[in-house]
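Letters A, B, C and D name the chains as they come in the text, with residue numbers starting at 1 for each one.
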């Protein structure tokens, strides 16, 4: 079995989740944990017993004993770091998104595709057992021709408004996951129509964003879709997807976090998931497993930067539709 | 279509439920509502627009224009009334139980079987869509050889202790429904072992009964079963049955009364049924429909008095086992 | 208790369902069953033991011993029949819709409102235990400010294309139920955007309709909504509604028809409802109960013709949006 | 944070699961993987990058740089290995059971308790999020006085008959998990009554065992319980537990493995878990986390050997009851 010496960049909260998953993959050796905050790098390296810690991300990428790079740094650094990796000929996995603008993302697509170096972007939902099983059923023809798509994406805890201001907007920041799933499960999107409202906190308006959105999709296949998004619920992390086809309906939903129902007072109750680390714990493990399987098999890991680009275009079309009050074709986004 | 002129005896709360079901059956004409309390009879007759009301149950049975009798009177009157009907040659449906003692029940079996008059006893659960579908699957061989049976029967609201004193005990009064289902779905019971406790109200001990029971069944087929019963829950009317076979498992359960889930505070909640009138509303309708279908088709309706007798014997064996602290064979009950 | 002598017009399949419900309402006496097909009227009258049958609908309405009218005739007769009833001063319940055009519906609104005669239109979903409970929770403030609405309406068995041609289109024919629920649960709709596709049968295009639709709603409150509709599924009658508010989420859904789960082969299975008569059986009973409660209490039954008009306007706005490829304000429909 | 140098004994399939969990615990360093089969030890050590592999279990226990031992070897070696660890003063976690006989288990209890060395036995179900949450609710008084307990334990794939012969019988081998849960959630058991049948494979009779069992428990608190067990289902790994109390009912059940429902043909379907590694994946991780938390906090980890002993006594009482056809008090087992 081929062994890998990995550098992991970014030792924040989600970075640590990825690091723990990484060290449990047979044959993967975490050589370096790098973070611009040296203490964070050292702490992360200690916890997973990596050989060394560093605050020099470039050095970690270019170290001669590092042969694969995983990136969990803040969004605005992704594009440059991926480019450096592919130029150095090092396979790279990076948290989504590649970038918030089309230009930056296209630049990375160009670099990646000309280099031929494997690049995978962390749209982890594809690796959730529910979504993965849905994909298999669709590919096996069990669903028939897809007629309708439905997605809902709502966070339980709203992000700080400071984050919202630089997030790219709710479609680029949150619903891009649903656009990725739409493309993964149904196919390319031709047209988007979107509306938004500020219902939760007027601060979203000040930040140039909305907190509640709905959208419709028209796929090139003729299939139709609806989406809903919200920055805050009182009931939990609400992520659900449905596929309605000529042969079957798929509902991807994890309604209950803990295998316990409590009954009292003529009723029963169960609990919901709170956030992506608990709802998608298995997906985060599976996507890294898959990345290394691809490297070993010599196949291109997906989703790659091209996927990230296409999903971003749908998100930008939604943003434009909301702003201009009219349906927008994805082809307009270029 | 053959028309029927029916007498309905007993205009209490459940009697009115049966009466409403009765009048919605095409071709069934409620001629008389009879109750020893004339006002109740008159009220019932008015509500369903029956032709006449009476406080003379015997007269209602023997009226020359009445050709079928339905009995919803108190338990201690069932045996005599059924006997009068079969002697008068009038098909009869009667609420369960036939009687609380083996002797009385056997007497009615004798009368019924020698007369050949159709008699049906209201073990309504058999007609619930869930139990009926389970039966069809078992008969179609989908479950394979049955290996295990599980039943739970718990009331939400405990009965008055005055009722408990004359109820025949929890096995004869409540779990007889489960013994009937056991026989309906699995087959005859060979042996019972039962334990009871007074956990809810010491008044049950004073009434010579227990409020909480468990039991094991050994079927003649070799299959095994467990039962639980309670006079009171805080969460609702808890009636569930499971069949585990060599090919499949059936779970008959109606977890949610209202088609609504409410989510808040990182959890979700639904509601439970409260009692037999709401949980088994469809079964109460279906059992009367079936009774008249049998009369029209000339087939014997089931369950009949013989079924009531056999289920009572299992209940008496459970009672004896609980009292004597040892497994009791059903064959001992005679 | 006030008694009613009712005339029932229309003895088709759903008419018989309503008739059976009607005869089980205490104090309601079905005097006449009328249908332009005399044999159908006679058959219906015989089954529910009505006093007389007739093929003269007008005569039934105007009969001096009839004091309330229920209409279950074909759609194109509703407006005229309701008008005749209100002119005759007879309270009337009528199956939805009032009419397929705004003009006809407005005419009936005018007649109804000037007369003061109670008129109720059969948007039965409001009376389903799930929807009714949702309404109570919203009114009790349990949901907080409503932020999002979601509806799906899909039939299992597609209608004949001949029906489609005169149905008014999928929004007026099917999704009008969802628009009624949107208004019932959330409030008035300001704007609609809708898309449609022909994915199931090219015959819908020939009939001037589509078979698959999505839509977005913007409510005057600022809340947003999404809808999906389809003329055919392979999995059952798919009717679901969600309300997301600042305090809670409500999901009105009846996932399982029969209280039975069958497990085999590392999986489990339950069944779905097939159509409105089984899914909304309780609602059909409850709406008629409520109608007579209103008559007895002297309160105006809802939804009335004005509700039907407003929901129709939303449906027509959706139809116009789909046809013109742009968002349409409901205020444009007049 | 205190660091630990661990020896892991036993590199079989479940051993590898534990090893992967072990290496993801911060501050735990796997120094040695030992297995009497050297190749297995070397393979395991390589996969988790342990410092060394060995076929000498004793040496691994006594190595001066090893300060904690985890045992995942075959059952018949557990007692001796635990004893060696406690004599060497090394905290030890061991897979259940301690031993199949009361004598061996009591010997280990004696050694462990006199030494004061922390010993934890791997009844992992206690650490499943569902069971752990149930325990918290019970301790918080949310359930009130416990009245009834229900457990079901069924494997999907039956074990080889060779294994059955030395397994100690179905109660000692399988249902001991349920007896542990009964004691964990409800309290000590006073009396057991059990029946068994051979329904799946006559080979179980030849092996001196049965394949299908039911049992009743009477707790010292007066609460009652029922249990079911089977060596084989066709639908999956069927592990469910219920607690019914004076205030609430708890149902610990994980009905669906993959967050996906597929609807077609008027029905819907989901999948079940297949075996303990998938159903209890989180529990296996949590029990080791907890073990090291206890070591760091200086508290005694539970369940310990005394718990294993008491649960074994209930299992032996059940075995005796089944064999003698009478209820057996746990106090008889000594």
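FYI, a contact is a pair of C-beta atoms (placed from the backbone, for glycine too) under 8 Å apart; a residue touches a chain by one contact, two chains touch by 3 or more.
Just so we're clear, the structure is a prediction, and the values are computed from it rather than from any experiment.
Name the chain whose C-alpha centroid is farthest from the C-alpha centroid of chain C.
Relative to chain C, the chain whose C-alpha centre sits farthest away is D.
Count the touching C-beta pairs: is B-C or A-C ahead?
A-C
I'd like the Å distance between the centres of chain A and chain C, where a centre is the mean of that chain's Cα atoms.
Using C-alpha averages as centres, the distance is 42 Å.
Using CA atom averages as chain centres, what separation in Å is found between chain C and chain D?
Between these chains, centre-to-centre, one finds 56 Å.
If you average the CA atoms of chain B and of chain C, how many Å lie between those two points?
The computed centroid separation for chain B versus chain C comes out at 37 Å.
Specify, in ascending order, the residues of chain D that touch 2 or more different other chains.
234-235, 247-249, 263-264
Taking the complex as given, what residues does chain A use to touch chain C?
Residues in contact with chain C: 144-145, 147-148, 150, 152, 154, 193, 195-197, 199-200, 212-216, 218, 222-228, 230, 233-235, 238, 244, 246-249, 325-327.
For the complex, which residues does chain C have touching chain D?
Contact set of chain C toward chain D: 156, 234-236, 255-256, 263-272, 274.
Within the complex, which stretch of chain C touches chain B?
It is residues 20, 23-24, 26-27, 29, 47-49, 128-130, 133-134, 137, 142, 247-255, 257-264 of chain C that touch chain B.
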